[in-house]
Amino acid sequence: MKVRMSMIGGGEGSFIGPVHRMAARLDGMIDLVSGAFSSDPSVSKVTGLKEGLANERIYDTWQELIKAESQRPAGERPDFVAIVTPNHLHYGPARMALEAGFNVLCDKPLCLSVAEAIDLHETVERTGKLFCLTHNYTGYPMIKKAREMVLGGEIGEIRKVAVEYFQGWLSSPVETTGNRQAEWRADPHRAGIAGTMADIGTHAFNLAEYVTGLETVALSADLHSVLKGRLLDDDGSVLLLFNSGISGTLLASQIALGEENNLSLRVYGDKGSLCWRQMDPNSLKVMWSDKPLQIYRSATPFSTAGISAPLHLRIPAGHPEGFIEAFANLYRNFALNIMAVRENGKHDPLLDYPGINEGVRGMKFLEAVVSSAMNKSLRTAL
Amino acid sequence: MKVRMSMIGGGEGSFIGPVHRMAARLDGMIDLVSGAFSSDPSVSKVTGLKEGLANERIYDTWQELIKAESQRPAGERPDFVAIVTPNHLHYGPARMALEAGFNVLCDKPLCLSVAEAIDLHETVERTGKLFCLTHNYTGYPMIKKAREMVLGGEIGEIRKVAVEYFQGWLSSPVETTGNRQAEWRADPHRAGIAGTMADIGTHAFNLAEYVTGLETVALSADLHSVLKGRLLDDDGSVLLLFNSGISGTLLASQIALGEENNLSLRVYGDKGSLCWRQMDPNSLKVMWSDKPLQIYRSATPFSTAGISAPLHLRIPAGHPEGFIEAFANLYRNFALNIMAVRENGKHDPLLDYPGINEGVRGMKFLEAVVSSAMNKSLRTAL
Amino acid sequence: MKVRMSMIGGGEGSFIGPVHRMAARLDGMIDLVSGAFSSDPSVSKVTGLKEGLANERIYDTWQELIKAESQRPAGERPDFVAIVTPNHLHYGPARMALEAGFNVLCDKPLCLSVAEAIDLHETVERTGKLFCLTHNYTGYPMIKKAREMVLGGEIGEIRKVAVEYFQGWLSSPVETTGNRQAEWRADPHRAGIAGTMADIGTHAFNLAEYVTGLETVALSADLHSVLKGRLLDDDGSVLLLFNSGISGTLLASQIALGEENNLSLRVYGDKGSLCWRQMDPNSLKVMWSDKPLQIYRSATPFSTAGISAPLHLRIPAGHPEGFIEAFANLYRNFALNIMAVRENGKHDPLLDYPGINEGVRGMKFLEAVVSSAMNKSLRTAL
Amino acid sequence: MKVRMSMIGGGEGSFIGPVHRMAARLDGMIDLVSGAFSSDPSVSKVTGLKEGLANERIYDTWQELIKAESQRPAGERPDFVAIVTPNHLHYGPARMALEAGFNVLCDKPLCLSVAEAIDLHETVERTGKLFCLTHNYTGYPMIKKAREMVLGGEIGEIRKVAVEYFQGWLSSPVETTGNRQAEWRADPHRAGIAGTMADIGTHAFNLAEYVTGLETVALSADLHSVLKGRLLDDDGSVLLLFNSGISGTLLASQIALGEENNLSLRVYGDKGSLCWRQMDPNSLKVMWSDKPLQIYRSATPFSTAGISAPLHLRIPAGHPEGFIEAFANLYRNFALNIMAVRENGKHDPLLDYPGINEGVRGMKFLEAVVSSAMNKSLRTAL
């Protein structure tokens, strides 16, 4: 029995909407049954029809969708609602959907403030519904492997973490020339208190905490609006302090001209070190204190030995799996968890996905970064 | 209106079956409606049920499938039959499906001999049905770009072609230890006259001809069965002569220990040269006579400018697309062509896919390689 | 007429001594004529004899060397003194040699304090002698090219600089187990106020300022002594503010287990961006706003077009030039300048080398980093 | 006591002459004492004076040089003569120098025919002099490591060898436009029976035999003169049969537009496989049957463990050593062997260098390749 999904946002012209739908389709476990795909009802209609939805299950507003769909009979009712709207439209739909009894999958960052995040956290706990936040980079098999290695002590005690996320697509003021993706991201009303840090900094932050199992306890940040007239940051650098006492750095930029989607994570331990780059996602560079450097490669024998990575691979070594497959791992794990709950069963803890806690941490990170950048003490002059 | 697919082969335990199904699902344009997934009816049943098929549309044999499905009413009848069986089970199902009025998508190599290939070619022409041969590597966006550049004269007159396909998975006699993929590939009754050359050499051959637009007119080949007791080649090297008078090399091996799926193509022209590697598929290295080396990258501005590549991309630059996406491009293009025919329309010639001609050429290549390797004149001694 | 060199430091067992001598020998323009190679006279003797020096020109102390050699007749007198000792033995010999009328080449960092640096600067100006500080990474041809591109406006206005220098050789307490290189670097009396920041951070700092032509005006730094018991920093991160108003980051570590000598520089402009990595020194990645990514390669046509890079290349493209060649470029340029002065001529300004100004800036950087790290305001808690 | 060298060829404007001299200088063990640098006496003079030679030891012809230098007193007489002329001027000078009692270092290929090679071989044996043939690529540390691994059985029984050497510098008819390097290489009178195969094919051939310890016993070759009007091959492909019964391929081209100096060697065994690329010479990719892929890196702990590689390294890991350093390893080893003989001592067999046997094999390879290409049986038509 497939899992039924309803979608809010992601209409024609959206980048992330089609990605969510491809990810949901890939493994054949999820059916899209209804949607409110846009604040513009005609866009919603066109998108829904293209997806082959029945006319009556394409809605003009997310409120109508949640209301109507929650009254459907058990066999038709969506198992979860996917929220793929701009940031300011996460909190409302997520809360209403949870209260209406739906499991929720929501794009990141979770919402606009720590206060909203805590409220959603409380709602999830109270309703007992499942919640998935699409920090999709955690879905890569070699990230699963990296986490398993770190938590299993293979690289020893961690001494240093360096995470970086550079893009170049905001190198020119595309938000003023009709690029819809850029438009809302540059608008504080829709994006929230941060620009680049919210859009990609939170991914980097999440990835660092996910792989290392450490928690950031304090930070010192620089934020820049490099392009004149931008209200939100388009570039920033953060010095991190973790709960184990070690330090790290998080660099993020969207004005790094020429960079595509250059997310990388390096974790240095006292027995070994790891380096992973999203644009070459099927390799994990492992440096050791007692043997030559190794490149672990997706699906090759020994490289992905262990429990977690093989659960997130679909095809043999050397046949590149990419972004959509990693994204689909979140959808598939979420669907399997929903099925397990439906059958009163237990799901495999390794079929994990980021949840409401990660959402709260992301918002705490954002508020700390913005606060640090604003209240910065004077720098030391040369 | 989605396109309906029926599948022959690809039951549980198959490698390529699930790949075909993921590829078919990815873009939401194709519905699997029936299947005969295995020569073992119980395996067929389990696979079909997992795919959510109605019980009566899961068949014990491909003959029953073609017969029964061809009698379905128009609104239920499959638009095409996908054949994903071992090589010896391509010709029979393909021919019967074509005669029954189905479009056919078939795995490579096309069949077991040039004679069979010519017969299928004639059948396709006579029935007027569409035929797709899954030389899936032609589905990569940067291969589309490479072909467009070569055919458009950007790199000038071609002087040399070097194609190579190295794998290591047959470095030990896995066909004797329960590996089903290896088992039939090592068996002349099921694989045909060649092993490695049929399995991956034909892919390399097809890729070289596809990108360059050249035709091989003669060749000189070495074939080796490196592992004792193997009846078919597991390694081979071929010197190629093309119709333009230039030469090339095709190297293929499945005993190159440690190699994953290392397919690469290099085309040297008199104005520029191209290098593409399947394991890094979103990059195309372009060397020029009059400017520094460039790396064209999927979906970056200028790199995939032109007509063909953008039609085969789904997500922005730096978000890796891989093997499944390239494979899905064949399915999508085939589906779009079926739709176009259904609507008496014309399809975009750039939404192309390998067809029956490529199948005939592959069989000619295989027979020439085996013949050359057997009748080899004495080598020159040092 | 060759240039005559006298050397202070660099006896048997030193790492950098032999490098300096190979660099000096490579182009056949410099003769080593005398030396005081070690604080241990017997080591000095052995080293000098191995180098084929006359017995009477091998000295027990640098004071004796400078005194005796300055009284040699014109045709025997060294043209310059190379100082390749630990940090605390730079200032004294450099000052005495300058006062004695020698040109001086000195290893980095210049000395132990800004005060000493300013004094040396004044001495250089007063004596009119030539001074070279071996920030050897500026000697790489592709760094020359990068600087020429940036200063020539090819990548537009600079928006962001990221420089990084990671090593792993201090991941274990090698300074306590007989490693002489590590020993003095870990000792504040010989290394000065900083460890990693002095040893490699100053190289990174110099490289960033050299390529961009910008000056750092303020910074905010974290310093860490990751290994217990270390008195000086072995890891640090610095947020930089440049005189043009843009920002940057400088990350340095010697406890990044597995890293070899991983120095990299990225400069992001509004028309293009540059990325260079010392471990692949013959490539310069150039990203553009208006064409596909290019890899400029040493000595290939077009890649090193211009004036500066070709002056620093010795062999054709694809024949890797490395660390010693880059180091030798400093020696050669210094020798050519000495010759030019000797002949009352003018030297080509592109045959440049780091000098006393770079030494002063490095010391200012170090004092600011240490000061910032000590007086750090509280971080923002999450 | 340094080793004294006399040089024949390598005057101003030569590519390889300066490389030889830099290689000879690098380690400070060799003094250039005399030379006949060009068939043009004025060029010879200028070159010699630039090198600081005494006027009377700069000769107009190599015959005069050998005659005069052989009559010098013991303390002045050259220890060896370096021959760095075009191919047709190897045999004569080498033979005369050997007969005059000199050790000889000679550029490759050894001479113009197997007959000449055998004669030189006999002369070397009879005179008892040392002979070095500068197949310089064997001087790279990671090649020493690769050979040690293969001969030590680390990768098991070899199953397949693939060597390749692609350049692009002859993509246009540069031999007609004043390029002196190209001019003599394109002239059968000076280059011999082969072009590309002699110039770089012999390097590839030598590297394959050196690393594997195998001997080629037969081959089948294609040779092409891709550019109209070229009398010698500028491109070729060879299928190799080794004495152990395994096969290999050797591909060489100088019309592969855009390629710099792309020499690579892959050796596939039944326990492991090796891949080395000259343009990234400090890495050796090692693939294993029982653990993840490793990258051995020059001078890193464990990577170059063993006996041979460390003897050929000068600086720490991550400080790139390149072409000149590898070349210098041949000079240094040759000098050490000369010193050992001078002192009636024994030299370390690991301080090896290619010799007269390698020269004979190279000529046998060339004659077999040309013969095979000319007498080629008909290819198999498709």
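General remarks:
Order of writing sets the labels: A, B, C and D. Residues in every chain begin at 1.
The working rule: a contact is a pair of C-beta atoms (placed from the backbone, for glycine too) under 8 Å apart; a residue touches a chain by one contact, two chains touch by 3 or more.
Not measured: the values here are computed from a predicted model.
For chain B, the chain whose average C-alpha position is most distant is C.
Looking at which of B-C and B-D shares more C-beta pairs in contact, the answer is the pair B-D. Between chain A and chain B, the superposing rotation on Cα atoms measures out at 180°, rounded to the nearest 5. A straight line joining the Cα centres of chain A and chain B is 35 Å long. Spacing of chain B relative to chain C, judged by their CA centroids, is 55 angstrom. Separating the CA-averaged centres of chain B and chain D is a span of 43 Å. The multi-chain contact residues of chain D, meaning those touching 2 or more other chains, are 259, 293, 297, 300. By the touch criterion given at the top, residues 286, 290-297, 300, 302-303 of chain A touch chain D in their complex. Those residues of chain A lying in contact with chain C across their complex are 159-160, 162, 168, 171-172, 215-222, 224, 226, 235, 237, 239, 241, 246-247, 249, 251, 253, 255-259, 266, 268-273, 287-289, 293, 361, 364-365, 368-369, 371-372, 375-377, 379-382.
Contact residues on chain C toward chain D in their complex (touch as defined above): 2, 15, 18-19, 21-22, 25-28, 51-52, 167, 169, 259-262, 278-281, 297, 300, 314-325.
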